[in-house]
């Protein structure tokens, strides 16, 4: 009767997306927050053409990282609040299927937000250089690394007394390599820097992704057990 | 009540003597550096504390693995001790570095590789303490703490490499001296000896601190046990 | 069906269960009684494979925990005081999700059957968010029996229900009990427990202190038995 790994993973993703497309709570919050952050950056950094040249990648990544913690917190709180995490754990499926299910839905939410915020940013600042496939690829790689550690740590923080407050504090120091490497690589791409300036951070990003997907996958069981 | 082990008392005395000797070497015996002058002497303590801080960080990750494999509470106490001692030494390293950087680089702080990595590590430690503070169940606290130190231990080298992509002005004194960086200097034999003695002295002090902290953790647990026993009856 | 010997569970320095022994034969409906903080919920969580025993042997449906927990989970249904349901999905969608998680093939038929049993057929397309406490609880039971488990664990199913909802729940539980599945239920409500269970066990200070079959109660009622068990 045990469902296959893929079926269980897919069931969780399907469930998360169906619930989210009905309530739209998480996506609305993430999107509104992202727009607010960009608005604040506009005035805090005075994003004129000269400044934008340098900081576009940084502004976007800061926005996504902050919005990401909102989504991660919410996505795990949904499981915790009505005991649904117990429901998942009671099912005869591998714990890693639960991890991948949650991680992939979280990634989907993050990518949806990015897919809406990027055109908005381009619209606000007439910045079309962000629509290069290399830029999108870096965004995808960065999001994967960020979300895999984020899913693991949100499963951890949701079980502590301080819950939502703790997640960014746990997550940001660990994901600094993702953020810096992504900013470096995507910044180099939109500024047409040489290939070495893109490849080096990109390699580190890939190394990080591989290591932390493996580690998160390994430790998820140890975090949800009792 | 557990008696304090004699070996620990000996180690206490030994660390005081060792730090005394190292201080004498660093402040008196070592030659004054030509360009930077007396302030260069802070370098010995900076490297000494930095070395044990890094050692503590690595040990904490190893203790994390040991806990997850064995589930023995000793490794949790050991890991916590390593993190606490390492956090303190990292802070001292950063402050000493600042004191040295002011005359050498003409700034208190710079976003250099080592400095920034040390700062990130301090933040990982703070997050670790906050994580522990938020969990009541000691077993869960140990498990989460172990996993988090491991995540920190894995991300730190990548953090270091990523930050290095930004240009560094930190001098490389030991190893290949591609001393384009400002403030680099060649060490004389006396300087090398002094550095060597300081490293040994801080290592002894480090072991002493860890031992004390692990022992303290054990005593804390015993107090909790006794409390529970008396309250339960 | 359930075999527990010398079960010890510690949380840090606190010992919740201290050498508990517990056996349940197939088809028995055991009401697990006991004061607050006696360890009932902890015990059920261990049986449910959600919590690992510190020491001791636990066997459920022929498989031992925690090593064969995947096999145990496939044969186990759990209803806790939390509903374990997603508020933004409909009743039917919730059941569909869990059916997939249990690898049930052709689940639509099974879902219809279960919805019928818990009396929620007419609300199948409604969001769980709009359900009352009693309806959520009934759907939670539907969720737990969806994969036709051999063993069902109920943790305080009556908590927070009003009179009508409790009676509805009574009907559902009786129906389940008549199917011959093995049930362990913790409850504060001695009267409801008496109506349902075939055996009464008292859990106090981390061990089972007394156990009696319904037939052996004779003219004594459960309340007296429970009081006596606690005094000893």
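When the chains are written out, they are named A, B and C in that same order, and each has its own residue count from 1.
Basically, a contact is a pair of C-beta atoms (placed from the backbone, for glycine too) under 8 Å apart; a residue touches a chain by one contact, two chains touch by 3 or more.
Being a predicted model, the structure only gives us computed values, none of them experimental.
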The larger set of C-beta contacts, choosing between A-B and B-C, lies at A-B
By C-alpha centres, the chain nearest the middle of everything shown is A
Please identify the chain with the largest separation between its CA centroid and the CA centroid of chain C.
B
Provide the C-alpha centroid distance between chain A and chain C, rounded to the nearest whole angstrom.
38
Can you work out the whole-Å distance between the CA centroids of chain B and chain C?
51
Can you check how far apart chain A and chain B are, centre to centre, with Cα atoms defining each centre and the answer in Å?
32
Among the residues of chain A, pick out those that touch two or more other chains and give their numbers.
226
Listed in rising order, chain A residues that touch chain B in their complex are 149, 152-153, 156-157, 159-163, 166, 169-170, 172-177, 180-181, 184, 200-201, 204, 207-208, 211-212, 215, 219, 222-223, 226
Within the complex, which stretch of chain C touches chain A?
45, 48-52, 70-71, 73-74, 76, 78, 80, 82-89, 93, 97-98, 100-104, 127, 143, 147
So, in the complex, the side of chain C touching chain B is made of residues 10-14
If we count contacts the way the header does, which residues on chain A are in touch with chain C in the complex?
1-4, 7-8, 10-12, 14-15, 18-20, 22-23, 78, 82-84, 86-94, 225-226
Footprint of chain A on chain B - complex, ascending
68, 120, 123-124, 126-127, 130-131, 133-136, 140, 143-144, 147-148, 150-152, 154-155, 158-159, 161-163, 165
